[in-house]
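Each chain carries a letter (A, B, C and D) given by its place in the written order, and its residues are counted from 1.
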Amino acid sequence: MRAPDILLSLLLAGLAAAFPFLVNAYWLHVMIIGMIYAIIAASWSLLAGFAGQFSFGHVAFVAIGGYTAGILAVSLHVPLPLGMLAGIVAAALIGAGVGWTCLRMSGPYLAIFTMAFSEVLRITIVTENEITGGPGGLNVPQLFHAQTDLPYYYLILALLVVSVVGMMLVLASRWGLFFRAIRENEQAAAAAGVKVTRFRILACAIASGVAGLAGGFYAPYIGILTPDVASQDQMGLVVAMAIVGGVETLPGVVAGAIAVEFMVEALRSYGQWRLVLFGLLLLLTMRFARNGLLAPGWLAIRRLAVLQGQRLIRGTAD
Amino acid sequence: MAAAHQSGAPSLSARDLVAGYLPGIEILHGVSVDVLPYEVRAVLGPNGTGKSTLLKVLYGFLKPGAGEIKSGSRVLTGAAPHEMGGYGIVYLPQRPSVFPFLSVEVNLRLGAWRLRSRHGLVREKIERAFAQFPALYEKRHQSAGTLSGGQQRQLEFARSLLLDPNVYLIDEPTASIEPRIATQIYELIQGLAQQGKAILLVDQNIKGALGIADYVYVMRTGSLYTEGKRAEFGEDVELLVSQWLYTHHAPKPS
Amino acid sequence: MTGEHTKRGSSGINGKRALPRRDVLALASAGAAATLPVFGRPARAAEPVKLGWVGPLSPPGGYAEGLLMKYASAMAADDINKQGGVLGRPIEILYQDTRGMAAEGTAAAERLCVQDKVAAIFGEFHSSVALAEMEVVHKYNVPFLACDVWSQEVTAKGYPQVFRNSITFPLLDVMIGDWIVAAGFKNAALLCEQDDIGLAWRKGVADVLTAHKTPFQLYTADPQATDFTAQVLRLKANNPPFDLFLVLYGEAGAYPMTRESHSLGFAPTANTALFVSGGEAVDPTFWKNVGKAGLWLICENVGLPKSAWNDKTKAFVAAFNAKYKTDPPGSAMEAYDAVWNLAEAIKNSGSTAPEAIIHGLETLHWVGTRGLYTYSTSKDPAWAYHQYMDAPESILQYNAQDQSSFDAPIVWPKKYATVPYLYKKPTA
Amino acid sequence: MLDYFLIQSANGIVIGVIYALIATGLTIIFALLKIVNFAHGELYMMGGYFGYYVITLAGVPPLPAVVAAMAISFAFAVAIERGLLTPLYSPGMERKSDYGILITFGLAVFLRNIAIIIFGPFPLRPPSFFDGDLVLGGLIISYDRLVAAGGGLLILVLLIFFLNRTVWGQALNAVSQSRESASIVGINSERMYMFAFGLGGALAGGAGALVAPIYSLSPSMGLVPDTQAFVIVILGGLGSVSGSIIAGILLGLSENLFIAFLPDPNRGPSYANAFGLFIMMLVLLFRPTGIFGRHHAAME
């Protein structure tokens, strides 16, 4: 990490810590939702962008994480933090299972298989309403009994940082190298001695576990968990967030998710036109700024910071 | 070069082609070739030196960064590949370009795509092609993908002949084809030249290519190393070429 | 209840001093600067009374009903403003699409409460979304007048901010159940969409039928389903045969279902009656979609029956018809009256403060398009709390094709009935 | 019991033909452009509305209106392809399938929601093709359903004839097998992509116009057919038209029988959609490229 990076990171950290005191409770809520999406989108990016498995069923693991925590808390009175942990484990295990199941698939077959998995799960949640609350929703108890969203904010901030930094460390390690090798060419990777099966499953398990974490937080924060969590619309939104941020950088994806969430909320005043505009924006972004909007923007900021920094150094040297 | 022009005006000529697949990575650094009627011109050189890329650029699959391609007085630089047939140019890529899930007959019919509105003419031409390649007639209802490599090559030639082109760009016509059939294919190519076609042949099979070549280009790392008439190279040209190339691909003297 | 102070306080910390910064940050992060209302301006003389409407305007929610409710709300605001508004201030309604999704409802309510600082929220169509929104209004202490949400949970939670001016399942189910027993049906099939509305409806009706010892069979189907051939054939082949087919489905499903059920000779026939619940059979394009299959169809109506119309009902129906070329369903009347209810409550207590509005609603005594509005303060049973107990409901049965729901004979309850019979068997 | 089975099967086949019609469009688009069109259900929806307005505004009788709807859908799809999909053909484009998924997903959101504003939220129903029902003993099928199935079958037969017997159909097939080889024989691939997307749109639109009198039109009507079509094209093998037709009819049939015979009548229809998805997942497990699939993993 170079000096301007550190500087920018510190600046961001400060901004994040102070954020609740800069905005009202509504934008704080939007920010929290944005950060939940950021975790989901970043974990999807790990799987699709880095490990090359374009899943269209990633939100299923958000649902698994959320419903595991929720059902344990509601039916068996398991404490929420424990339930959330169970949710992560369940999501990771089922994710590994799905990863193992679709080892031989790629491209559109993989995308549609995972979409089908997610739909089957959603329909099951809808139909088995005795356990899941069905479409009417599962009322999940609160995690904090405070009257503001502050504790939720700092908790999700911590979870976001831990999960994203964790995933970045994984990607920077040998494992990340293997993920990319498999993405580029599975046969070649296998020939070079990469254990393709193991690492494909591993990528699925990590990404799913992180998605499960997001679900486990989402459930008590919103207070009601409905099967829509696993809908295709949600999946599309997550993918859009990742693409806007630029799939290949996790911090970019985080920024993309938060930016899209703020945009969707800002469009609220347009009522019926809101989703029309959202669709249009998505189309225009994809059509004319395919590499994402934020990663290039981030690069520009960084360049500017480096320039400023150099000027500063030169100034003091004079 | 002067010698090359004696047999007539080139059907296709390229000057100083520069090209690459990715921005900043050049594969051809300024290559000039001429293709003349009644001649087989062979492009030889080690693997990865840009021979196939040269053909792709000539046929319009890859737009050159600089340089010019002309057919007579017509400038072809930047023309799309599907327009090349209209200029009488045919390209036979390394992997046979037949449609594997379509029947032999339909493959031929698509070869006459440019004439699609003239049903009678197309039928007549296909019949003529079957007469010329009776082996294909026997298998006309079979999927092209089920044919042997040699037969697929035959199908390609038969298909290309439907439109009576004057320039052939051929990339390794005998790769992974058994030697007996390979000989037939080289004979076929030589026959085309004798009918007046201009042929540019890229090949790793140096012996095969030199057997029919009238003129030789030798490429190394994206540019022409040397060129000249086949006859100018004398009898032990194979040895000579393999020495230039320093590759293990040089054929063993049989 | 104590929460409101903390919460309001926390946004107050940022006070006026932080405003410009807050604006810039919110605007920048939103990336759509022009769309954001500027907040924190000093109050002008006739600053409008802001009310927030929530409800579905896009899929997967019930966007068709949502839109009619939105139309009716806008008409109410116009009418009130033409009369000089409330407390000398005009009414302004901010509309929020919830898409029928709980999380969207939460965000919508957060925005209305915190960002737009509305005096009260009304509307909604999906119970699950209303339940999520209630948590927000409870947190910020903003009055919430729920319109077309029928789950008893909404009022049973006992939140002082939450009122409801529509019927609720305990009322509706009892009415339907009583009618089924009175009309002498012996074996009912209940088919509903697999969502919050369908399941709550099904449970309620099933409970009543069980209590009356009337045999019945339950079926549920995907809310997006439009092909019911297999299902209807199965029902038709049932032994013993069903003499009553009760359906609850959104428009896109209810209409093909009605046509299919008729065309396959299941219901409405001399053997089996068809009851379509949920308001689809009184919606504007009902007859265009079902044609002759709608003849003899039975449904409930949550508006005031025509026989009991007052001047306001007549005026509203006429105005709605003139403007939107269709009859307003009961849900539209609920939305229209909801705005008036809130305006009256504000007027009577002379303030837009939450406590004043809540008090105003609790003591409301006002005649609207759906009769005399009063909100119960009794918690026995729990769902009665802040419920409009006299919410009108009736059962009608069409006896002519293309009949307006207003002109259809009312068969139940007896106090509204316009015909002597409880059920007319279709003639062959 | 046998009667019941036959009646249910007959209805299942009628639905299956409609499924097949939607799915073949999706599969043709995939075969050529190598993208999964997530807006296919919305093209189906638009086709239904095109037909409706051709009938109500231009006074065209219902059957010719289906043809008109297909023509308009074709033009509409071509406009979409020109406006949004051309970046797919540029040689420098990376991650083509991601682009395809997202751009069509955005299109689906846009079309579904603008349809509410343009066409209104309430279901609309065009007049019947022919009023009444065919009654054969216990079998009752409305003439609208028969026309839809018959019309669908006719379109499918014409499509197969077109693809196999005409030089344009063969050229489409050729481009789907190799874009490079197609260029070599002089076929302009990009024009074929445009044509394929238009054809896919016309097939979806025709299906929408055919089912409009049966199911009514609503802005969200594309949601379920979209999922069904995915199931079908996977079962049939992405890119295989005949596979899609067979799989479509089989899916319609098996879903109907699933609802008709599942012992738990309450859950049956609720799980009906999951049933097809589940079968598809099983098939993919054993044949990762579908039953009749050629290997078409990525765009060249």
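As a convention for this text, a contact is a pair of C-beta atoms (placed from the backbone, for glycine too) under 8 Å apart; a residue touches a chain by one contact, two chains touch by 3 or more.
Since the structure is predicted, the reported quantities are computational estimates derived from the model, not experimental observations.
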> Going only between touching chains, how few steps reach subunit B from subunit A?
Replying inline: 2
>> Keeping to the contact definition above, tell me which chains border both subunit A and subunit C.
In response: D
> With respect to inter-chain C-beta contacts, which pair, B-D or A-D, contains the greater number?
Replying inline: A-D
> Which chain lies the greatest distance away from subunit D when centres are computed from Cα atoms alone?
Replying inline: B
> Which chain would you call central, comparing Cα centres to the global Cα centre?
Replying inline: D
> Per the centroid of Cα atoms for each chain, what is the distance between subunit B and subunit D, given in Å?
Replying inline: 42
> Any idea how many Å lie between the Cα centroids of subunit A and subunit D?
Replying inline: 32
>> With centres defined as the mean C-alpha position, give me the subunit B-subunit C separation in Å.
In response: 74
> How big is the gap, in whole Å, between where the Cα atoms of subunit C centre and where those of subunit D centre?
Replying inline: 36
> What residues in subunit D touch two or more of the other chains?
Replying inline: 112-113, 116, 267, 270, 273
> Residues of subunit B that touch two or more other chains: which are they?
Replying inline: none
>> If I count partner chains per residue in subunit C, which residues reach a count of at least 2?
In response: 57-58, 60, 67, 194, 220, 222
> When you check every pair of chains, which ones turn out to touch?
Replying inline: A-C, A-D, B-D, C-D
> Hey, which residues of subunit C end up touching subunit D in the complex?
Replying inline: 57-60, 63-64, 66-67, 194, 217-222, 224-231, 233-234, 237, 251-252, 255-256, 259, 263-265, 283-285, 288-289
>> Which stretch or stretches of subunit D touch subunit C in the complex?
In response: 4, 7-8, 11-12, 15, 112-113, 116, 121-125, 133, 140, 142, 214-216, 218-221, 223-224, 255-257, 259-260, 265-270, 272-273
> Any idea which subunit B residues touch subunit D in the complex?
Replying inline: 61, 80-86, 90-93, 97-102, 106, 109-111, 113-114, 116, 159, 163
> In the complex of these two chains, what residues of subunit C are touching subunit A?
Replying inline: 2-3, 6-7, 10-11, 13-14, 18, 21-22, 25-26, 29-32, 35-37, 39, 57-58, 60, 67, 94-97, 99, 101-103, 106-108, 110-111, 113-115, 127-128, 131-132, 135, 139-140, 151, 194-196, 198-200, 220, 222-223
> Which of the residues in subunit D come into contact with subunit B in the complex?
Replying inline: 167-168, 170-171, 173-174, 177-178, 180-189, 294
